[in-house]
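When the chains are written out, they are named A, B, C, D and E in that same order, and each has its own residue count from 1.
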Amino acid sequence: MIYYVAAFSLILIGAYAVLVKKNMIKIVLGLSLIDSGVNILLVALGYINGKTAPIFSNPSLKAEGMVDPVPQALVLTAIVIGVAVTALALTIVIRLHDHHKTLDISKIRELKW
Amino acid sequence: MYFDPVLMIALPLFAAFLIPLLGRVSKEIPKYVPVVMIGFNLYESIMMLPHSMVKPIIVIIAAWKPPLGINLTIGALGNVLALIISLVGFVVAIYNVRFVQKEPTEKYHMLYMLMVAGATGMVLTGDLFNLFVFLEITSISSYALTAFIRDRNGAEAAFKYLLIGSLSSTFVLLGIALIYGTTGTLNMADIAEKIQHVDSKITIVALILLVTGFGVESEMFPLNGWAPDAYSQAPTAIGAAFGGIVVKAGVYALARLIYTIFNFQGVFFFILIMGVITLLIAEMSAIRQKQLKRMLAFSSIGQMGLVLIALGLATVRGVEGGLFQMFNHAMIKPLLFLSAGYLVYYSGSKDISDLDGMGRKKPLLSFFFAFGAFAIMGLPPLSGFWSKFIIISETIRGGFVVVAALALFGSVIEAVYYLRVVGRLYFKQPNESEKTKYVHASAILAMSVLALVVLFAGLFPDMVMSYLKPAATELVDKTAYIKAVLTAGL
Amino acid sequence: MRKAIAVIFLGIIGYYLLATFFNIPFGIARVLDGVGFKYLAMGVPDTGAANVVTSIVVNFRGFDTLGEVTVLFLAATGMGALLHHREPMKRSRQNASIIVKAGARILFPLIIILGAYVFVHGHLTPGGGFQGGAIIASGFLLMFMSYRSYHVNHVVISRVESLAGSTFVIIGLFGLVYGHSFLANVLPLGTVNTLFSAGVIPLIYIAVGFKVGSELTGLLDTMLKTVK
Amino acid sequence: METIPLILLILFGSALLSYVIGKINFVLKVGVALAGILVSGYYFLQLYGQAQSYTFRLLGFDIIWRINPLSWFFGMLIFGLGILVAIFSTSYMKNKERVDFYCFALCMTIASMFGIVVSGDLLSFFFFWEIMTWASFLMVIYYRYEAQAAGIKYFVMSMIGAYSMLIAILMVYAQLGTFSFDALASGWSDFSVSFQIALFVLFAIGFGVKAAVMPLHTWAPDAYGMSPAPFSALFSGVLSKMGIYGFALLMFVFGAGKLAGSVTTIHGVALPSYILAWFGALTALIATLIAVMQDDAKKLLAYSSVGQLGYIILGFSLNSSMGTTAALFHAVNHTIFKGMLFLSIGAVFYRTGTRKLSEMGGLISNMPYTFFVVLLGIITMAGIPPLSGFVGKWLIYEALLEKQMVLLAVVAFMASTAAFLYCYRLIFTIFLGQRPPRFDDVKEVPWTQRAPMLLLSLLTIYLGFYPYGLLNLIGQAESTVMGLVPMNLSQSILFNDLGHVSTIAVMNTVGTVFVIVFVLFNTLYKRSRKVGLKDIHTSGEVPGPEINLHYATDFYQPFSRSIRYVLERSADRLYGQFANNLEGFFDVLRYVYTGNAQTYALFVIMFLAMLLMFTNWLI
Amino acid sequence: MDTSFNLWILLMPFVGALVGLTYMGIGRRIIARVQHRYGPPIFQNIVDVLKLYSKKTAITHGVMFHLAPTLAITGTISTLMFLPILTGPHGIYLFSFKGDLILLMYIMVFGCLAMALGAGQSGNPNSAIGVSRGLSQMVGYEAPFVIAMVTLMVQFNTTSVHDIIKAQDSFVHWNMFQSPFAFIAALFAFLGFMGNKPFDVVIAPAEIASGPPSEFGGKYLALMQTNRGMFAFVKLVLYVDLFMGGAANFVSLLAKTFFFYLIPLFVGIVNPRFRTEQAITFFWKWPTVIGLLGFLMVIL
């Protein structure tokens, strides 16, 4: 259970950062926090008590003794997506900084109504 | 004869990887690669149309049968939407060839092609996580394209879109995690079958997470904060593409969700209500807009609201109307955006008030804009009328007379602000006419293709409807879909 | 004010999500006939890869990985498009201390070898293309941080990137032409736990490794270009 | 190829053709338009007695196009005035620009009107209704720059009308599952009372906008005023009749008249139609009072036609055979004299270039034919006996008295007397009185414009003398389509259990008396001396050329002071204010998009939280 | 058609004109008597008309001006034709069986329109102002008149004048007593019709030089005067038919019509002139209210 709680607390802290923090870099950090939270959750879903990683390094290992591999595959993809989004977000933050000379998101509100 | 449908996604990706290499060879080639690739997609979806009407074409990837491997299910619905996306993509690609002058054109074309490929992927895939991956491809390319114009607002719009888009993708991921946690499979048909046995408390939360995620992409009311900025600040061609492609894929995903995967009756009524609210608020804020493109953005959100209403009706005829409306919107909105782009380009400023008398200086452009405006308002001889008529008749048949009245009130508002712009084009004294720049031939070709399709669909609606009926039936009763997918391998 | 609203609503969401997740029992195999256990059962015999996760990532759900690679490619092109020749910001950046420079010179080749090892043995040991590429990129990051003047030749990076990406797709097309579906495993599986086993998987993972490695270094390079 | 789709094809074809070929030269475009209308008119005449019908399926709905006496009757109006307007506009539009746009809109409007009249089911009815709306909208905005406001107001109001009608149509479709008229006619009685009333109100709003019933009429003066003269003749003459055709359908073919059984009735008429009667009567009175005060000729005629339409609606809502005959007869009258007057105003505008009554005067010697046409026009409009106007008025009063509707009769009478005021104002300020020097060399309009006007005026005389041909046609339409007992015209006099008038006797007496007096008066005396215009009794000193002796501005100043109350209440300003604060409300709504990315993110989170709470509470 | 009928058709206009003019002569003498002077002989009006007829020359301002008097006279004569003048055994009905009350109400306007058109073409601003005042006032007094007429029609459930006359068979059943409110409203309207003092703003002698007919001279004026006389006679006969059960023989016709002629005369003598809007609002206040009271009587 503790893993779920950990994952969700990570997600909520990240979301809090996104919603409240003014500095855009912190927002992007919040986003990546949420990503990592979700990833932890995904892996936790696949875990089965008392079983090992799904790698048949030596023939003696049996299929029953292994954890569910699919969430781990999904996490792999999710992490890379997280990286891509964060990279793009940071580029856009750089561009915004070029134009607006500030990182405070509440100051960048020209497109409204 | 059609090639293996997976090429519709594989080839564009392959071309995207190759463009940097080709770029070295000669500066000109990247410009035409998207046209070729999306043209191939168009050819492919047209050729597949007769087959998919009869029985969904199941394409197995990596030689593993559906529940294990990923598969593309090209049913009537998927095929129709793929056709729409590739048609709009093709037309806008033609428009792009000449319109994009700014330096990293090579990268622009790559991003554009991948966006179209991502959207096609979303529409065709039969696997939930694969849908998420293609959603990510489409949204990331849209983030990059929104910020493509190097001015103050482009980056701001892109950041808003990115922030909300990534939030939505996390919710989708959470939803997928929840579904996998309870059903243990990722194939849509498989999930649809196994979801009944799961305790309804969990499935409803999964549904909410997924609906919120895809709702952001299909511009439901509280979630569409990003849409007006993204549409208006993106380059013209991309604005048109947003309306025609990205949002379509989002709405398809939402429809696939509520119709096939979950069967929870309350959600239809909820979608209906959200559709009406989206329509009204979008139309009401559109009427007060000062800038042309931002007004078109709001009107596009309004049209999506109408589609959501149609989807919320949960009857075959209603879904048919929704699909027809999607088709019309996909044809008309790019026409409006492209002509608006040129009008803004010539009048020098984005504001509507500076469009006075453009009807005199640029008669052809203003004619296209007026034609689009008349079509979107739903005036009889054009196709907009039929789709709106079917949707409203189905809403009233479903008993939601108040909803129908509100939708009609929305379209009256829409008529007002479109007429104001058309009026300004034709009826105001043209201010002094500075040097007249000519309109690129490729743009004219693109717009006239769209206009002809709209007129043709308006005069012969039965032709279009004959393809939409099987699509709607396939969406509404999911048993056929599940059976087709799960027995594909045997 | 905004803080209060945010906390309240996040609390509500947290409460409800946790409530639903508590219904999902942790740590026991909830769904017996789930896809995961099928993969475990047929993972080794059918794909020949010892590491079942790799076989899922590359073979069973290879299409996802293709999408995956395009996402990364997109991020790289996006960054390239957005940060196109803008004049870099003026910020002082002095060289790292001598210890770091010396250490970096020694460690750099080792890191590259480790990365290569990881993505070559993707189908045997834990890790694979993505992890290996990341390690290689971290090696380059080390060099960037230690030497102020160090920068990578961008043309080579993008060429490697495209080549790797296109090899991935070409292998897929091979599957289509020879096997009966895109990304099908065409080469012989070979014996389990040996280097040349599990057919196409190692080839794909090597391509992915190169791609991820070059892309991440490319990202770092464009980021660094923004600062003189 | 059956005649009905053939006619429609020709009309729509000629519309497109005249626009496309129009680019080449002038004669072709107007020629094509005129040819198109003439040929389809010829085919239409062949349809006289037949009851043809042509059905096909479209989008899963079945479309029926049929012709029956009632639709033939209205088709006659369309083609009658349509052909004359086309002939008139061949010369009127000679040197104007954008004539191909004009011909396109003209043909499209005529085609869509014919479509409405011919359609046998609600879907094609609505389809052509919308085409008519935007085709006439194109025409209203013909004079580009100042016509935009009028055009948008017209378009929005007719959209509102059309959409309320759409809701009614679809409610019917929801209940009956089919659009066809006869299914609706048979199914109408077994709807619940509240459903019937809802349908009645929605349809009434839809048709009321087009027939310019009082609260919904604000678009009419601007739209008629702004559109080019020949089209405004068609606009008020025939286009408003489509609203009347709608009412005819609603009251009799759909059977809203049978509503009486289930709803409280007054004087044997169901409450909703009684209220409609009051709307019609008040429209007649108030529109006429406003018309008296207008200075622009077209606005005056526009308000007057709103008033006359009020009469027709009054006739329909009486739900009696006499009432319907009165309404249909008056509809024909209205088309004829409104067509005449608008065409003659157009002719005057064609020559003098101005429509303001105060700027004109004394054109009788310059344009005698137009004067004669306007004279006959106002005599018919005021309903003075020898001409056909009186017959229409007589039928309406008989119908009202037959139903013992006393107050309505008084209001109708008052409206027709007040009508007399603006008739005189129209003819006096333009043709009589002193002529401003700049109009001295004004010539008469060419024959292509005079012929249609004169033809129409001869028609009023013929109908005044022998209306029974037309009354038979109406009787035929009533008995077959509307299920009403037509008026008996046995002894070829207007007969009703209350009283009777022999129109032949009236015409004969007036004619012979005039001839006798004229002969007596002229032969006994040699010709009298003609004096110049300025040579008048001004007690001695001769008025100089610059003194304006033409009393035209503020013609009914004392009268306007006495009806000040009515003039202040203008529905137009009311709608204007309503639209403004509606738009103000929209403005407030727009501020939801604050522009701050975090607020949007907060919206998403709130949406999710609300949803979770709601569904959790639900399950 | 028997000869007496043809004879009456030719004679009746002249009889009407003579009776009308003599009433006007008598009226002028009565007004003079009230103003302490003798006033001209009774047949003064007839003599003036004959003098005007004998005039050789006359000026005209155009076609409409020339036709106006003829049309006016035609209007009045044709109204006369449709009016049952003498009821009873050997009554004079002329064409009255061919038309009904609504026809009469409308054909009376024919004459006024003709005169208005003539005045319009005369080019004299005074006549134009006179016409506009006349028309506005007409709308004023039309209200009570119409209410009275409609009450009668609804009460006897007929629109033909003959049935109304038949319904008033005996003295007691005259409409004057049967429907008093309608009668009073009609009387107020009658004041407006006759255009005497309180409501003579139309021809206001001082202000606008005798209003519409100011430009008419010579034989046109003559025709105008005969028309005024005949029109007065027509209105009197109509009122007699409607409210006094029509006249059996000529003497009772003269008596009844003279009784009606005196009412506006006496009212005119004592009252100053109303402005146009005062006149209109006057007619729309009390007379209309009384008329509506008549309604309630009929409906209940």
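Basically, a contact is a pair of C-beta atoms (placed from the backbone, for glycine too) under 8 Å apart; a residue touches a chain by one contact, two chains touch by 3 or more.
From a predicted model like this one, the values you see are computed outputs, not experimental measurements.
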Trace the shortest chain of touching neighbours from chain B to chain D and give its length in steps.
-> 1
For the chain pairs D-E and B-C, which is connected through the larger number of C-beta pairs in contact?
-> D-E
So the chain most remote from chain C by C-alpha centre is E
What chain is most central when centres are computed from CA atoms?
-> D
How far is the middle of chain C from the middle of chain E, if each middle is the mean of its Cα atoms, in Å?
-> 109
Counting in whole Å, what is the centre-to-centre distance of chain A and chain B, each centre being its mean C-alpha position?
-> 28
Between chain C and chain D, the Cα-mean centres are separated in Å by 75
Any idea how many Å lie between the Cα centroids of chain A and chain E?
-> 101
In chain E, what residues contact two or more other chains?
-> none
Would you please write down the residue numbers of chain B that are in contact with two or more other chains?
-> 129, 133, 136, 140, 143-144, 147, 150, 155, 159-160, 163, 167, 174, 181, 186, 201, 205, 228-229, 285, 288
Name the residues of chain D that each touch 2 or more other chains.
-> 590, 593, 595, 597-598, 601-602, 605-606, 608, 612
Which pairs of chains touch, using the document's own definition = A-B, A-C, A-D, B-C, B-D, C-D, D-E
Please give the residue numbers of chain A that touch chain D in the complex, ascending.
-> 15, 18-20, 27, 105-106, 108-113
Chain D residues touching chain C in their complex are 598, 602, 605-606, 608-609, 612-613, 616
In their shared complex, chain E is touched by residues of chain D numbered 362, 364-365, 368, 375, 379, 382-386, 390, 393-394, 397-398, 401, 404, 406-407, 409-410, 413-414, 417-418, 420-421, 424-425, 427-428, 432-434, 493, 496, 498-502, 505-506, 509-510, 513-514, 517-518, 521, 525-526, 528-531, 533-539, 549-551, 555-556, 558-559, 561-562
Which bits of chain B are touching chain D when the two form their complex?
-> 159-160, 163-164, 167-168, 171, 200-201, 204-205, 208-209, 211-212, 215-216, 222-223, 225-226, 228-229, 266, 281, 284-285, 287-288, 317, 374, 379-381, 385-386, 389-390, 392-393, 396-397, 399, 401, 404-405, 408-409, 411-413, 415-416, 419-420, 423, 426-429, 461-462, 465
Mind listing the chain B positions that touch chain A in their complex?
-> 129, 133, 136, 140, 143-144, 147, 150-160, 162-163, 166-167, 169-170, 173-174, 176-177, 180-181, 186, 228-229, 232-233, 285, 288
